[in-house]
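Same chain, two partners: subunit A is paired with subunit B first, then with subunit C.
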Partner chain A sequence: MRLAAPFGSLIDRDAPVTFTFEGRTYQGFAGDTVASALAANDVWLISRSFKYHRPRGVLTMSGDDGNTMVQVGQEPNGLADILPIHDGLAVMGQHYSGSLVADRDRWIEKFSSFLPVGFYYRAFFKPKGIWNFWEKLVRAKAGLGRVDTSTPHGYYDKAYAFADVAVIGGGVAGMAAALEAAKADVEVVLVERQPMLGGSLNYTRIDVEGTSGPALVQELLGQLRAAKNITVMTEATCTGWFTDNFLPIVVANRMVKLRAGQVIVATGAVEQPAVFRNNDLPGIMLGSAAQRLIRIYGVKPGQRAVVACYGGTGYGVALDLLDAGVEVAAIVDLSATPTDNPRRQAAVDRGIEVLQGYGLREANARRDGAHLAGVVAAPITGNGELADEQRAIECDLLCMSTGWTPAASLVAHAAGEVSYAERSGSFMVRAVAKNMQVAGAVSGEWVVDAAIEEGRQAGAAASGQDANPVPVPRAPDDRPPQPWAIFPHEKGKEFVDFDEDLTVADIRNSVAEGFGDIELVKRFSTVVMGPSQGRVSALNALRLVQSHAGRPLEGARGTTNRPPVTPEKFGHLSGRGFEPVRLTAMHDRHVEADAEMTVAGAWIRPAYYGADREQALQDEVMCVRNNVGLIDVSTLGGLDVRGPDAAEFLDRVYTLSYARQQVGRARYVLMCDQSGTITDDGVACRFSDDNFYVTTTTGGSDAVYRTMLLWNAQWRLDVDITNLTGGLAAVNIAGPNARAVMEKICSEVDLSAEAFPYMGVRLARVADIAARLLRVGFVGELGYEIHAPAGMGEALWDALMDAGAEFGIKPFGVEAQRILRLEKGHIIITQDTDGLTHPHEANMAWALSRRKPFYFGRRAIAAQMKRGLTRKLVGFTLAEPDGPLPEESHLVVRDGEITGRVTSIVRSPTLNRPIGLAFVAPDQSETGQSFSIKGHGGRMIEALVAPVPFYDPENSRQEM
Partner chain B sequence: MAQPTDHKRRSFIYRQLVSAGAEFTSLADAAVASRYRNEGDARKLGIADLSPLPRTGFKGRQALDWMAEQDVAASPHNNLANLQPDGCLVARLADTEALVLSDLEAKSTTVEKLNALEPGVGCYPVPRGDTYFWFVLAGIHAPDCLLKICGVDIRPHKFPNHSIAQTSIARLSTIAIRDDRGSTPAYHLLADGTSAAYFWSAVLDAMAEFDGRPIGLESLIALN
Partner chain C sequence: MKLMPCPLNGLRNISEFVCGGEVTEMPPAVTASDSDWAAYVFMENNAADVVREWWLHVTSGYWFIAERHTASDEILRTYPASELFPKRFDFEPLDDPTEDQGGSD
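Coming up: the complex of A and B.
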């Protein structure tokens, strides 16, 4: 039932909203949550409990419990008490069989005596293999909500934010702290997870009239609006604290990563439930939850109520209930003696019966079991003990104002100290991290004026106006310890942790099993491990554990508190995906030519052209062998190494010698790391005495560049290294007609074999584009690599394709190139080598200088050779050329032992037979020797060691 | 109207610009997007592709001295840019490296002159016109937009005009130079040209919530 204004400060009665719950249509208002709108429609059953499928409803109305978890579309586990409604929202209950109202799995509770704490660890594993049977049943019943793996990705993103002072918590202490800090002209961000500032003053009653709280909030809001340097974020949850005050703030579908110089934690406190039999029935809620329903959402929370409390706060709840038209049957005041709080006197004056020194024995349900029908109270005779005398009171609402505990997660994340204090009957912040302040209820300050003053002090300290931080812990007050609101019952069902249906007996039995520490009890019983993460269970769980273990409570710590404070979605963590992709200047030309593109690290490269892969590869290879082909090799790394010491530098990082390399010539480069492992290769082109242009493999360019920068810094040679990989587009035109094509568009250079021989390099204009020409031959044919400015790469490609048209030039892709190079016997680093391959194993001894005193890996390679070879890379062909082809990484096996593996294998279009490279044992590596490869299905395939190159061993083709 | 393919030098993303409705003008040795059919509001948030405009760079222990000898003055401090009398912007990236950006109308001949010289030992040219794309993000929402993709505090009151951040933006190593157009915040963004298409779409995505769109060179110039 809705209450008239001024109740309902957040709802807009002029904006009705229609939504569905469990298939039925309901109406609420803008500003309502699912739970408040349902409550306004007298719907209190929202979900079912995890273990026993007990009916559950509103508990905190603040998102601090897991009793209102619902399914919204494809998203499970939304919290109905904080989930805003909007038109068309379709909400379903979750974790039931049949219907929410008539859950067929409700029977499980009847077997609760067979499901004691820890049963899961003891059952299901004997006899061996029985888990396979139980798993299906357990998985069918376990879990919360429905996960739809076909759910499309939502749009989530992240943003960075910065502040000199971040205030977490927008209650009066936080507001005062922000205002005070802002006076120092610093940048302040105030973060509040509710839709409006004001904290508990938006719903609690701090005076008899119930007016001073809202008035105070309005006054502070006015000051905040006037402050220019305060950014206010509402509906924003700070989910953790990380080093150097890095604070994740979840706002809708965005995670804001806030970096703050100082943090003021003003996160308030969380009201705690009482523990007694059937304390989880819908209709039993925290006093603050009832007040939120009344004051924020304008909802009458029941017809006839009982309030359980420790003095003042509960009397404010009772007065609010009266003002909302709820009959208050009684106040069960757990305190032994009355307080002199004016609200108590006002409640008595308005005719409410007070049962002083009483506790709660049990709650009783309606006949359908789905709602509260009444409570039984009895005088308290000791901690957790009640007299036989009892009072049964009919009611449909029980408000529990039975203590608070500080919302100190952020303090704990920052390695502050939070532990139990007997005097306050709750956890207490005892120490905070550097550059952090605490203010208000989180530090134990409950008096509004004092909390404001404390906020101001924190703001002054955080902004540097006051060198004195807010002292913690607060000086303990002189109140006597209150009896716990925990009343064990001989029939059980006094829930300590609603998330996991854990009762007093479960905690007691955990301790009896030998788990005498709260951290162990947590892992054995799963207490505080559920969706609410102990926010409404940790306090009572610690009390019970310490009590049953015979340990002192004072100073006892709860379980380790880790981020996130409240649940984060994977979407929040991942945000918008940023995956940089590199495209060559000719990328679109490849796409236009119907290329099948493939991923090569961050690059996208053409694999082959056309729809029919096999035919494309055959055509592309044969076009290069017999005519002319063009491939985009822009992905190769390109580094300018310049300066008087350039040759010396290359001598140190590469295995061959470059000091005497002639200008205008290229030389192979092989790089090893200091363990002698091959890491990269390419060519070094000397364009002047102090200018080398070095190419690298596609995947190795960044690593080679980093290695060079590192060692250049160490050696301090007079040399500069510039990475031109992205700045130069490169193509390789190859085939017997390559020269003829080039001669059409490159007249500056004599391209004849005599004037521009194999491994020559030149600077020249190609199609009027300044370029670096390299006569190198990875594919084993006459060819030219042309490296030109990336901005002109597409024009270069077009010019070559136009010039080659009369010859029938074809583009060829990476796959054809891999076949061509294999025919020529060239290895590909990281395909034909691995993380342990040294040059001798790969037959690269010819690339190791014997004269140089040093290069990377020289000593390690020498040491390896002293031990002798353990494997060798060989070329091979198959004994049955038309038989099944092994694949790369298939194993070489001898007498059941693995002696190597295939690194490359193709059926050569040129040679019309299978050819490959493989690692074999050294005594299997002589030409003509056979070895066995374990192919698909374990079939053994006989291979024969063959000489490489397979094609044109005299090199006449590439040197023509 | 000029077309990008009229020139050998082309923007890394000219096809995306054409798809967005760009009209081109020839400038220097390439065509630059001068306006769009559905132009964004440059004062609020827009992104312009200046990749075809001249720029260059120099590295080495003598680089800054050599540039000074050519009357090109870098800032005395790293990570600060210095506006030259002819409108060029010289961004000092390190003790040994600087980047030279043409004025937006490409009237200056500084880049061309520098590129025609051979500096000698200790100063090495870097072809920034080909290694880096060059975008400009402008508008009052530019700082907010950048905060979605950049972890450095580049807001105007923390990042003075002509400050430089060499950082990761949308996971791409980027040089960001604040260079306001009149009273409108503007940032030059330069990074690996081969990732230009990726970066362009990533920034447009971040701009969407502010109704940011591509803008032509004319709008950018008009901000002054």
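Coming up: the complex of A and C.
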């Protein structure tokens, strides 16, 4: 039922909203949450519990519990108590079979004695294989909500923000902190997870009349509006603290990453439930939840209420209930003696019966089991003990104002110290990290004026002002310890953790099993591991563990608190889901030419051109062998090494010798790491005495560049290294007609074999584009690599295709290139080598200089060779050329032992037979020796070691 | 996310950096024993203490030294590599190049 204004500060009664729950249509108002709107329609059963399928409803109304988890379309586990409604919203309960009201899985609770704590660990452990029997049932019954794997990726994004001072929590302490910090002319961000500032003063009653709280909020809001340098974020949740005050702030579908110089944590406190039999029935909620329903949402939380409390706050709840037209049957005050509090007197004056020194024995359910029908109270005779005499009170609402625990997650993330204090009967922040302050209820300050003063001081300190501290009035320390609101019952069902349906007995049994530490109990029993992450269970769980284990409570810590504070969606973490790729300058030309594109490291490259792969590869390979082809090789790395020590530098980095390399010549480069493993290759082109242009493999340029920079930071050679990769486009024109095509568009240099021989390099303009020309031959034909500025890549491509048109030039892709190079026996680093391949294994001893005292890997290669070769890379053909082909990574097997593996294999279009490279044992590596490859289905395929190159062994074609 | 004070670029998110491992001294390239070289290549001190490390600011290609406490993850000081490596380094030349393993000029 709705209450008249001024109750319902957040709802807009002029804006009705229609939504459905469990298929039925309901009406609420703009500003309502799913739970508040349902409560206004007298619907209190919202969800079912995880283990026993018990009916659950509103507990905190602040998103701090997991009792109201609902499914909204494809999205599971929404929290109905904070999920705003909008027109057309379709909400379903979770975790039931059939219907929420008549859940067919309610029988599970009857078997609760067969589901002891640690059930999973015991039940499915023995005998071997029993899990296979149970798995189907468990998988069907366990888990929260339904995941729909066809859910599309919604729009989520990220933003970055910076602040000198970030204040987390917009209650009065946080507001005061922000206002004070802002006086120092620094940038302040105030983050509040609710739609409005004011924190607990939006619903708590701090005086008899209930007026001073709202007035105080209005005053502070006025000051905030006047402050220029405070950015206020509402409906914004700070979900964690990360090093150096890096704070994720979730706002709708955005994650703001806020970097703050100082953080003031003013996150308040979370009210704690009492533990007694059937304490989870719908209708039993925190006092603050009832007040939120009344004041924020204008909802009457019940007809006849009982309030359980320790003095103060609960009497405010009782007065609010009376004002809202709720009959208050009794106040069960757990304190042994009355407190001197005006609100208590007002409640008594208004005729409410107070049961002083009473506790709660149990709650009773309505006939249908789905709502509270009454409670049984009894005098407290000791901690957790009740007298036999008892009072049964009919009620449909029980408000629990039975203590608070600081919402200190952020403090804990920052490695501050949070531990139990007997003085407050709760957790207490005892130390905070550098560049962090706490203020208000999170630091244990419950008195409003004192919380404001504490906020003010925190704001001053965080903004570097002279704090000018006024002593903060503290609650007196002489208060006797209050009895716990934990009342074990002989029939159980006193829930400590609602998420996991864990009772007092479960915690006790965990300790009895030998798990005497809260961290161990957590892992064994799953206490505080559920969706509410201990916010409403950690305090009582720690009390029980420590008392059963006979350990002191004072100074005891809860379980380690890790981000996120409240659930984040995967969408928030992934953001817009960028998957950056690199496109070459000629990308559009490839697409226009119907190229099938493939991923090569960070790049997208043409695999082949046309629809028919087999035909395309055949045509592309034969065109290069017999005519002329063009391939985009922009993905190769290009590094400029310049300076008097350039040659000396390359000598240290690469295995060959570069000091005497002639200007205008290219030389192969092979890089190893310090353990002798081959890591990269390319060519070094000497364009002047002090300038080399060095190419790297696709994907290798960044690593090679970093390695070069790292070592020259130590060697201090007079050399500059520049990574040109992204700035250059490159093509390789190859085939017997390559020179004829080039001569049409490059007249500056004499392209004849005599003037510009194989392994020559030139600077020249091609089609009027300034370029580096490299006569190198990865594919084994007469060819030129042309490296030009990326901005001219497309023009260069077009010019070559135009010039080659009369010859029938064809573009070829990376797959044809891989075939062509294999025909020549050229290895691809990381395909034909692995993380242990040293040059001798790959037949590259010829590339190791004997004259240099150092190159990467030199010392390690020497050490390895003392131990002899253990494998060797060889070329091979198949004994049955028309038989089945093994695949790359298929094993070479001899007498049941693995001696190697296939690294490359292809049916050569040029030679019309299978050719490949494989690692084999050294004693199977002689030409003509046969070895066996274990192919598909275990079929052994006989291979013969063959000399490489397979094609043009004299290398005459590339030197034409 | 942690902040790294780069000597060249100032205070930046640590995601912009790559750690290059502890600063270690290479044994004499020619005369080191196999076991010394193996220890240099494969063994890590892994001390829970203040450790000198190489760090690279990736986008600017700048390597520098950071002194970091590996237990508290506190970065105590960062400075240019030239502070540790003030002058040109040259390897001792080979006495008899032909004794080296394999390969040719």
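In this section, the second predicted complex is superposed on the first by the 950 of 960 C-alpha atoms of A that agree within 3 Å, B and C clash if a C-alpha of one lies under 4 Å from a C-alpha of the other, contacts with A are read in each partner's own complex, and residues count from 1 in each chain.
Here, contacts are C-beta pairs under 8 Å (C-beta built on N, C-alpha and C of every residue); 3 or more make two chains touch, one makes a residue touch a chain.
Model, not experiment: these values are computed from the prediction.
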Let's test your reading of the overlay: on subunit A, do subunit B and subunit C clash or fit side by side? fit
Quick one: classify A:709 as touching subunit B (first), subunit C (second), both or neither. second
Which partner does A:768 contact after superposing on A: first (subunit B), second (subunit C), both, neither? first
Name the contact category of A:207: first (subunit B only), second (subunit C only), both, or neither. neither
Just subunit B (first), just subunit C (second), both, or neither: which does A:235 touch? neither
Considering only touches as defined above, state whether A:846 meets subunit B (first), subunit C (second), both or neither. second
Which of the two partners, first being subunit B and second being subunit C, lies in contact with A:717: first, second, both, or neither? second
Report, in whole Å, the shortest distance between any C-alpha atom of subunit B and any C-alpha atom of subunit C after the two complexes are superposed. 5
Determine where on subunit A the residues touched by subunit B overlap those touched by subunit C, and list them. 257, 259, 718, 723
Given the complex with subunit C, which residues does subunit A contribute to the contact? 242-244, 246, 257, 259, 652, 655, 657, 674-675, 705-706, 709-710, 713-718, 723, 839-840, 845-854, 858-863, 865-866
Seen from subunit C, its contact residues with subunit A in the complex are 1-3, 18, 20, 29-30, 32, 34, 37-38, 40-42, 54, 56, 61-63, 73, 81-82, 85-89, 91-94, 97-98, 100-105
Enumerate the contact residues on subunit B facing subunit A in the complex. 7-12, 15, 30, 51-52, 59-60, 121-122, 124, 126-132, 147-151, 153, 155, 158, 170-172, 192-199, 202, 205-206
Interface residues, subunit A side, partner subunit B - complex: 157-162, 257, 259, 576, 578-585, 588, 602-603, 634, 640, 642-644, 690, 718, 720, 722-728, 767-769, 789-792, 794-796
